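Listed after this line are the structures, all set down as structure tokens.
Presented sequentially are two complexes of chain A, the first with chain B as partner and the second with chain C.
Right after this comes the complex of A and B.
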């Protein structure tokens, strides 16, 4: 099982005017299922195409299985590519599936054996003789995946393979895809626009923006400890509060005061070194905020609310997304917060209700105040 | 669950699969360079060299040309006067013919795109046919038809025959342009209370203006450069291409070079105009309040329908009936007498047919070998300006008068130039290669444009070397374009008269034979030869329509 290593990969277009990928270093281990995520135009597809050899990097090295393949053409890299628009050839299903073995000169018996096996895996064995014209997107991509596995390549590169599929089909298909990849011990890289899909089935996620690799981590680490506001907001959304450091106790204990008379939190931060009086952003996930009716008795609660910091506010809007209820709350200092609660959440609040808003300081993350806050929070 | 693994190293590969191994080896960059050099050299030698050579010939002989034209001891400037008259005739005839084309072509183009009626496809086919038929056969048919109406060879007859074969160029280009106009735009304008004529002037015309101008210029250059039909219908009139043929026969090479160069330069100017128009993409129209009432009046269906009916009648009279009149002139007995008479015309006809086919097949065979890589280079290589320049040069042979082109080829390859070929079949092949090459390249290039790059990328990532990808993915995808291009080139080669007349030796092709027989008044035999080539062309056109992607039917 091969690993993939990129060293200082850079790609520019239009005579250096457009930088698509900028000095990317990354390592993908044997058998990992890695997702590349990022806004449109962040360079993720370009990166994918460089790994597969469809385009050449302007600079840097690509190493697959310990071998420098930077100069190798795609047909000699031992990879298989699954496309968003499938690129199924206008020939029979079986010929499509066994194309790679055919063009590499395998024996006939072997081709038939492998082709039947691959088609069976994706459930298309009974349609082997059809010409896949007018097929639905789901079936076309099944064939695309069968064609890729049948090639015998140990690295699977997928550019939004489920992007053209109906959302419901795609949500089911993703588990099947993961199972196939794991069963065959493939190293897989997938570009997607769907954060949920990446969180659900990826072993690792790589976040890119403007050609730069921002963070590579497991889904859980990324979600809990994003290195930047952008990464945090990109994966699942963040509430942000403008604040400043009111007290600092080495090595990493900070007291942070929300502006305009907002609450004060004391917490530890490992990631960002900030100084006393620095402007910062405090961020937390919508599901990490708790709501209480006025006069809620914390003493008599069965839950352990120790350490929670309470501030006051009122509900300005609420809506139901299906599996969750969302509240828009305005703190007394004017800061808005989005809060999400599972739909089974016991209490309901109405617009205009005054209430207590509780946040555990350990759920908060401190980020240095960015140069351009709007850009940091822009997901496009 | 199947978890069995296979690795390429252990799997049973056929090591000596020669084809795949050869393809892999030949996919290397150095071979690609070699191919590129061969293709570009072919292109430069076949298309560019003769034209550049004619320029240098004229420059080298400018003194002699001046003397011959203006200060000849015996003739004074009469050569120049003849040349001037010929150019004037060519221009005025082309102008009138194209004006008639547009007048009766416009309503028909609208009829064929916006209306549905039984037999539409057949009419469409008939309108296109005169473009595919060898012009000398067409010219003979037109001459016979108007002959019974009392019109003898001369300027009027030339105009009639030019209308017949240039008409399809106008209608086809207009049709392509009109098809691109979204009918909803016109409907939207009508809901905004514009009458049909107002919509035509303010919405449709500005949108199809480019198609109209492109078609007009193509028809104009075609008329300007035609030889075969013109010779049959000219009587004593000499148009410029006929004069080139005449000068070549009298071996007045410097003068003929000069006239060829003039024709080439005029055509190039027109080509550049077409290219510039094609690049402009905005169309504006002015609203003149004053027109609305009149336009409303003329939008009544009696006028719109009346125009279409009138245009249909005129088209039938000027184009369709004259073009195919020859079928009614088939007289088996008289043909038999002429064909099997003392001079054994049958043998001539047979050898001319064989020659035409041999030339045609050899030409498209060579064309297609070069045209496929050329089309790929044209569409795929990122050479910046070079692609645009190659693209423009490619159109040159289409647009310059074939007699001038033939003369340029004669001067380059023949005894006066590098002396590689003598007038005869060999030189005919060189000439036909020149003007058929773009016909093969265009539809292939159009198909390549439509290929999904993704298919080729998929093939590459699945381990196919570029040549393997080409054989298994690209070639099947452009197959129709290749076939269509070959048929178009074959049709063109089969129908050429002017260039062939200039570079031939003793051997005849069918169109030239028709000209010969008309000149010696062997009308029945000429009718038979005409009918044969018209039928072959009709068959080829029908085949083209099956294979050819519509967009590339442009020229």
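Right after this comes the complex of A and C.
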């Protein structure tokens, strides 16, 4: 089955002056839906092109299904493409779908069988004879996917396949895309600049920056345990607090004091690069911060708030997203925090309200203070 | 600082009706968001307001002044495009100053104004940076500064899909910042912001929803979310929704909540599957009336225990579960109360925070609660209309 393995892949341009991809090692399992993410210029498109055989790596090996394909042309790798701009021809849906098989000279029966199968998968079987002119972008991409499946390839390479769709349409279409990939045991690699999409439908996400692979993990692991501030912030936004290590108990118990009279948190962390008195960043997701009216009775609450650390502040801004309320809170020491609460959450707060802010220490992540904090937090 | 009024605007181009009978008012200093799917006519409407196009019929007023026949340069609209269109060879200061340099000789005075604008868009001290040295967010602010420069004689700030090319995280923080700048005391602009993103639209003072050249609904984010005019609007402003058909079996008046304009009625609906749900609605229904109602995936509280006795609760089994970051998406299979062998699949999204989540694993039985103020009721919509409205094409 088509596992994909990259070994020490490096790609340089312009006589080694530009390193587009730097010593990347990765494994993609058969049947996985993998996303490749990173800021523009991170090397994700170059990596995709090397996997598909459109360009050759400067160094390293590409192994698909146990076979070294580094030197093989694209058509011998069992890969099909889905494009952002569809690349649909003004010929019938069926002819579009079976175009590659026709060119390769398969028998008529085989072509019909494969074409019908592929169109059925995407729900276009009843429109096989239409010319797809004036179609909506969703249907055009269904056809794009059918054409890729029709080739018999077991690996799909998709470059922003939902990028041309309205946000609303793309947010629904992605579930259909995932269902197709899963139901038909395809292995898929997708590039996107929509982190939400990758989090929603990916089995694994690979984050790249400056040609380096920073982290490959499940969405949940990446979201909860990012290896760096950049990765954490890139996937959905982090609140950060400047702090220092005020107490350390080996092997992994830290007390961290937030600067300017902020609260102190004691937590376990596997971080090895920091020691007593070091400057660090404490990071926390907007949804992991809890808000309480002044005078909230923690004892009588139905929830278990044991261990939560409370500090005080007030709301400086508030806005809606249709799904959640976002509050900007300024802590009494001046630190701003962004906090999100589901709109079905029964308590609401207004700008100017003084309140208590609670954070469970285990929801905080400690990072060594980066050389360039602005760069780590820049989403570009 | 301008009030904009469109009176019965229609616009035909190359024999095609692009806009039909569009009337709207954007108040002075209002932040209006023009939203709709691709091809709705948003860009044409902007072209008519800026003076790039002339309407086939109808009138446009800026502060009670008829501007329908005025050329673009007499309307003073500052437009910011998706692509920013910055001059690559000019630094930040010169990019902002460019338009005024072209018509005014006193470059010193222009630079002074530009520096003020740069401080408003938080770019003070970055005068000499070239566009390629700026991050995406900075480029965006330069483009915004340049559009504001065009407004010195009082005009309209127009943002045409300003964040389309940006990553989700950056979009969220920038849109807040842009609105803050437009609404700042020094500027107090009237803004029209064009987008096809529902989340972005939620920050508006007023949302103008356009589809196929016609106004579908104008309202505050609350009105659009809680009392959408029809299924199309409701669907556009949902990530995913569930629909049910049923009939009103009981109704009563309830207190008017603060943010609603009209009094509400509380109705009890029995669905064709046999579920009973309460809804609070501005629309008036009669007992016995056939209705269709929707529940958006994100407006659900879910609990572990089986508690079907509770109001607006539906019990079901987790069929699929997908972690999405702050949210967990679940597909729940709920047996019909009337006929236990039939099942309805309901899609919900629940927050992943400690207090909300209890590891909803596949196969587990859970109870979903749908708060009655989030249940939206319409007069009965035929199944085929629902399917064609909801179909992704």
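Everything below uses one rule, namely that the second predicted complex is superposed on the first by the 364 of 380 C-alpha atoms of A that agree within 3 Å, B and C clash if a C-alpha of one lies under 4 Å from a C-alpha of the other, contacts with A are read in each partner's own complex, and residues count from 1 in each chain.
In this text, a residue touches a chain if its C-beta (ideal position, glycine included) is under 8 Å from a C-beta of that chain, and two chains touch if they have at least 3 such contacts.
What you see is a predicted model, and the numbers here were worked out from it, not measured in a lab.
Clash-free side-by-side placement of chain B and chain C is the outcome of superposition onto chain A. Of the two partners chain B and chain C, more chain A residues are in touch with C.
Rounded to the nearest 10, the angle at the Cα centre of chain A between the centres of chain B and chain C is 80 degrees. Contact with neither chain B nor chain C is seen for A:13 once the two complexes are overlaid on the shared chain. Of the two partner chains placed by superposition, only chain B is touched by A:74; chain C is not. Once chain A of one complex is fitted onto chain A of the other, the partner contacts of A:121 are limited to chain B, with no touch recorded for chain C. In the superposed model, A:106 makes contact with chain B only, not with chain C. Of all Cα pairs linking chain B with chain C in the superposition, the shortest spans 8 Å. Overlaid on A, the two complexes show chain B and chain C touching no common residue of chain A. Residue ranges of chain A in contact with chain C, taken from their complex: 39, 135-139, 166-169, 171-173, 175-176, 193-196, 199-201, 218-220, 223, 233-237, 285-288, 290, 303, 317, 319-324, 326, 340, 342-344, 360, 363, 378-380.
For chain B in complex with chain A, the residues that touch the partner chain are 1-8, 11-15, 17, 20-21, 452, 454-455, 457-466, 468-469, 472-473, 476-477.
Within the complex, the chain C residues that touch chain A are 37-38, 135-137, 166-170, 172-173, 176, 196-199, 201-203, 221, 225, 235-240, 298-301, 322-327, 329, 349-356, 371, 374, 392-393.
Taken together, the chain A residues at the contact with chain B in this complex read 52-54, 73-81, 83, 85, 87, 89-90, 99-100, 103-107, 109-110, 114, 117, 120-121, 147-148, 151-154, 157, 183-185.
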